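In the two complexes that follow, chain A is the common piece, with chain B as its partner first and chain C second.
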Partner chain A sequence: MAATLYDKIWHEHVVREYDDGSVLLYVDRHLLHEVTSPQAFEGLRLAGRRVRRPDLVLATVDHNVPTRHRDSVSDPVAAEQIAALQRNAKEYGIRYLGLSHPEQGIVHVVGPELGFTLPGTTIVCGDSHTSTHGAFGALAFGIGTSEVEHVLATQTIRIRKSQTFRVRFVGRLPAGVTAKDMILYFIGLVGPAGGTGFVLEFCGDPIRALSMEERMTVCNMSIEAGARAGLIAPDKVTFDYIAADDRPFAPRGRALHEAISRWEKLVSDYDAQFDREMELNIASLEPQVTWGTSPGMVTGISGKVPEPEEVEHFSADDVAKSLTYARLKPGQKMVDIPIDVVFLGSCTNGRLTDLRIAAEILKGKKISPHVRMIVVPGSERIRRHAEQMGLDKIFREAGAEWRHAGCSMCLAMNEDRLDPGQRCASTTNRNFESRQGHDSITHLVSPATAAASAIAGHLSDPREYFT
Partner chain B sequence: MRPTTITGRLWVLTGPDGKLYDDIDTDMIFHNRYLHITEIEQMGQYALGNLEGWEDFAHKARPGDIVMAGKNFGAGSSRQQAVDCFRALGVSAIVAESFGAIYKRNAINSGLPIVTLPGLTEMAGEFKTGDTVEVHFETGQLTLDGKTFRAEPFSQVQMDIYQAGDLFAYGKSLE
Partner chain C sequence: MQPFVKCRGKLAVLYRANIDTDQIIPKQFLKSVARTGYGENLFFEWRYDASGRPDPSFVLNRPEYDKATILVAGNNFGCGSSREHAVWALMQFGFRAVVAPWKEESPGKRIPAFADIFRSNSTRNGLLTIELTTDEVQWLVSQDRKYGPLEATVDLVSQTITVQGTPRETFHFEIPPDDKKMLLQGLDHIDTTLKDLGEIERFERKHNVQMPTADKSPGL
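Moving on, here comes the complex of A and B:
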């Protein structure tokens, strides 16, 4: 029978089927960070259980680490949470990328970088943006802390199969328009619950044309459409990425060749049936920017703040409430909205490709004197590579701050946060109320749009830099 | 045995416009800045602390209360605190038109009763804060002043986990 990519990965991992239709699914890879793991270890300890396969677990600190320097964590509760993960990792024999480790970084950045993320695997993490790893053709999804404990103890998870939703992109992506704009556009079309109950599979020539880093941006935000996971079938781009140097967990030599011949079969059969399908033409796509308090509240950069009645997927009341919060009025042009802060980073857009495109725009220029810009690489490895390429110098000379790796201002759990009323052009994934600091306002954008906006001092179209 | 029928005082989560809140995300339920907290007892005080108009919910709620919201309650993050803060307050059930995918699993695994009531938005006018509502987990029947509403009954595994206490107690009971 014809099978989707999702079906194929699913069937390879079913341990047991239950009468109610759910299955026990084997978990190949388990990623941990400091925020959703302490309670899980505590539960494990109370139950007197061990970690079943510590070799399949990778832990890193990212959510509340300082990014200015690495010598101290000022918030005592954050410091304790970081220390707790270190203790737990040591006690249970789990690999741990601590604050001073050269490979420390955001969990969804370091997994792929180290070759821990591989095609055809099942990957879970107590973090909703685990969908990122789907870019490799891995079935990757976020779980709750209760499930982190269960996976630590059993290396399995009981789960029901999702429906499948194929998202086909067609057309050539215009210059200055990026993977981030593709996924924001999709979320705007289907709404924040449009993917609920589905695993998405992204396909089409524009997806094939993306680098691995860009594909991760697309899959990262699958969850913002409510989807369980996002998938992209692996191809030569994927295999070349895995075969690159410095991926210590990836297979090598003959093992890699054998793995690739298996991975090549990880595609949806041509006659496979999907529960939902959608085609998006991106030939004339504009850079996208959000105006409200949901990633689905999005428009093109040349667009205007909408009237409350004209937004699909949201009630007029919800839109009105969002606009009040964001201090915007219908009819305002997006490019007329002044900004106070630009944040470049996160598991969505904190990779080398992202830093590079922003640096290309900023090279030899200065950011607006009214704007503060913070650049936070997704991992310490990215930080080193960027420094080797001189990107840090470009950012600094433009007037931006160059930091160490972490989640930082994406959710403001460390000291990087906005003041009340401040407005930020942010390359992150959520523009929920107060996400980046109490009463702060977030506009989700691509790294290119972020850089162009930093120079202009207001939301700005990056395409002028690509002509 | 934990009770399969509960009666409690209702909190209908409405926005400034008086309408039922949709898409209450986990940042609104339990804000980022308190995610460092891992002691369940400490979490109750921050429940709904970032939801406009409901910042003082923790002070008003009493054990046994029932919370009601619109679509996609608990959208967003994996954080267990967004479930545990209600357990800490002794909230006896959350009724919503639908729940975020991860939130739903977190709640079921933690033994916090969540009840899906399809079409709730259209009949939201029937419910108001302070009403006393009865919820029957096995049949999914909600009763208010003699009127009944048809919610989804607990699934078997949801009931099993609920009766055991949480996912781990349930796992132990299978051994």
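Moving on, here comes the complex of A and C:
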């Protein structure tokens, strides 16, 4: 029978089926961070259980870590949480990338960098943006802490199968428009719950034309459409990425060769049936920017703040509440909205190509004097590579701050946060109320739009830099 | 985990769509390594003003909704972050169930009431998520506006929620059989799964041949 990519990976990992419709699914890779794991380890300890396969687990610290320096964590509660992960990793024999480790970074950035993320695998993590790893043709999804404990104890997860949703992009992506704009556009069309219950498969020539880093941006925000996972079938771009130097967990030599011949079969059959399909033409797509408090509240950069009654997927009441929160009025042009802060980073857009596209725009220029810009690389490896390329110098000379790796202002759990009323053009994934700090306002944008906006001092169209 | 069979209690109405887990429990409270202590910070940003005083207009601060055990919310409840702390906060505040509407966006396109990860986290802690139709939830909201707090009985065995008063209304809800079983029995899933340890080991022997292992990791 014809099978989708999701069907194929699923089928390979079913340990057993239960008569209530759920299955026991094997987990190939388990990623841990400090925020959602301590209670899982505590549960193991109380029940006297062990970690079944510590060799399949990788832990790092990212949510709580300071980005100004690597000396110490000044917040004692955060420091204790980080210390707890370190202790748990040591006690249970789990690889741990601590604060001073040269490979520390955001869990969804370091997994792929180290070759831990591989096509055809199942990957879980107590973090909703685990969908990122789907860019490799891995079935990757976020789980809660109880499930983290279950995976630690059994290396499996008990789960029901999702429906499938094929998202086909057509047309050529215009210059200055990026993978971030593609996924924001999709979320706007389908709504913040349009993907709930589905695993997405992104396909089409524009997806094939993306680098691995850009594909990760697309899959990363699957969850913002409600989908637990997003998939992209692996191809030569994927295999070349994995074959690159410095991926210590990836197979090498003959093993890599054999793996690639298996990975080449990881495609949906031409006659496979999907539960839902959608086609998006991006030939005239504009840079996208959010105006509200849901990632689905999005428009083109040349657009305006909408009237409450005219937004698909949202009630007039919900839109009105969002606009009040965001201090915006219907009819305002997006490019007229002044900003206070620009944040470049996160598991969505903190990779080297993201930093490079922003640096190209900022090179030889200054950011607006009333704007503060913070650049937080997704990993310490990216930080080193960016410094070798001189990107840090470009950012500093433009007036931006250059930091160490972490989640930082994406969720503002560490010291990096907005003040009440501050407005930020942010390359992150969520514009929820108070996400970046109490009573702060977030506009989700691409790294190119972030850089152009930093120079202009208001939301701004980056395409003028690409003509 | 705490089983869920039946509960009777007051309904608190917070009828907004897309209530995300950042609103349910904000990040500043996720630094704890404990499983408890989250209830007092449930809906922190909406519940307290800038100086930390309870906002008297917020539903959970209104005396007539004191000790509510069933929350009525809008579509796509629990979207966003996977933090299980959101479920812990709701339960530690005193909620045993959340009611939200699924909606039909166009014929055949059904948008579930709850976000996926939130729903799974709820089930694993004994918090029941109840999906009703938009009309049914709007009826609850309008009754609440007219008469003040409603009382209801939720019965998981018969999959019903019965609102007291005149007229008495009973709504039926659907729930996947595996979730129902887990909630009714309050099962520890790990125990259940470990009974299949033999199958897991058998699976690994055949699977690991195909899957490059992660244990070759020089320098890490």
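Here is the rule we go by: the second predicted complex is superposed on the first by the 467 of 467 C-alpha atoms of A that agree within 3 Å, B and C clash if a C-alpha of one lies under 4 Å from a C-alpha of the other, contacts with A are read in each partner's own complex, and residues count from 1 in each chain.
Following the convention adopted for this analysis, contacts are C-beta pairs under 8 Å (C-beta built on N, C-alpha and C of every residue); 3 or more make two chains touch, one makes a residue touch a chain.
Worth saying up front: this structure is predicted, and the values here are computed from it rather than measured.
The superposed arrangement places chain B and chain C in clashing positions on chain A.
Applying the stated contact rule after C-alpha superposition, one finds that A:156 touches chain C and leaves chain B untouched.
In the superposition on chain A, contact is made by A:35 with both chain B and chain C. Applying the stated contact rule after C-alpha superposition, one finds that A:147 touches each of chain B and chain C.
Of the two partner chains placed by superposition, chain B and chain C are both touched by A:413. Set against each other, chain B and chain C touch different numbers of residues in chain A, with C touching more. Once the two complexes are overlaid on the shared chain, A:226 sits against chain B and chain C alike.
Shared-chain residue A:22: touches chain B and chain C both. In the superposition on chain A, A:93 contacts neither chain B nor chain C.
In the superposed model, A:390 makes contact with neither chain B nor chain C.
The interface of chain A with chain B overlaps its interface with chain C at residues 18, 20, 22, 35-36, 38-39, 42, 47, 63-64, 75, 77-78, 80-81, 84, 126-128, 142-147, 149-150, 153-154, 158, 192-193, 196-197, 226, 228, 294, 315, 318, 321, 411-413, 430, 432-435, 438.
Chain B contributes residues 15-17, 19, 22-23, 25, 27-28, 31-33, 35-38, 50, 52, 71-72, 75-80, 83, 98, 100-103, 105-106, 109-110, 155-157, 166-168, 171-172 to its touches with chain A in the complex. For chain C in complex with chain A, the residues that touch the partner chain are 1, 16-18, 20, 22-23, 26-28, 30-35, 45, 50, 74-76, 79-85, 87, 105, 109, 111-112, 115-117, 120-121, 124-125, 176-178, 181, 189-190, 193-194, 196-197, 199-200, 203-204, 207, 210-220.
Within the complex formed with chain C, the residues of chain A that make contact are 12-13, 15-16, 18, 20-22, 24, 26, 28-29, 35-36, 38-39, 42, 47, 49, 55-56, 58, 63-64, 75, 77-78, 80-81, 84, 95, 97, 103, 114, 116, 118, 120-121, 126-128, 142-147, 149-150, 153-156, 158, 160, 191-194, 196-197, 223, 226-228, 248-251, 255, 259, 262, 276, 294, 313-315, 318, 321, 411-413, 420, 430, 432-435, 438-439. Residues of chain A that touch chain B in their complex: 18, 20, 22, 35-36, 38-39, 42-43, 47, 63-64, 75, 77-78, 80-81, 84, 125-128, 142-147, 149-150, 153-154, 158, 192-193, 196-197, 226, 228, 294, 315, 317-318, 320-321, 325, 411-413, 430, 432-435, 438.
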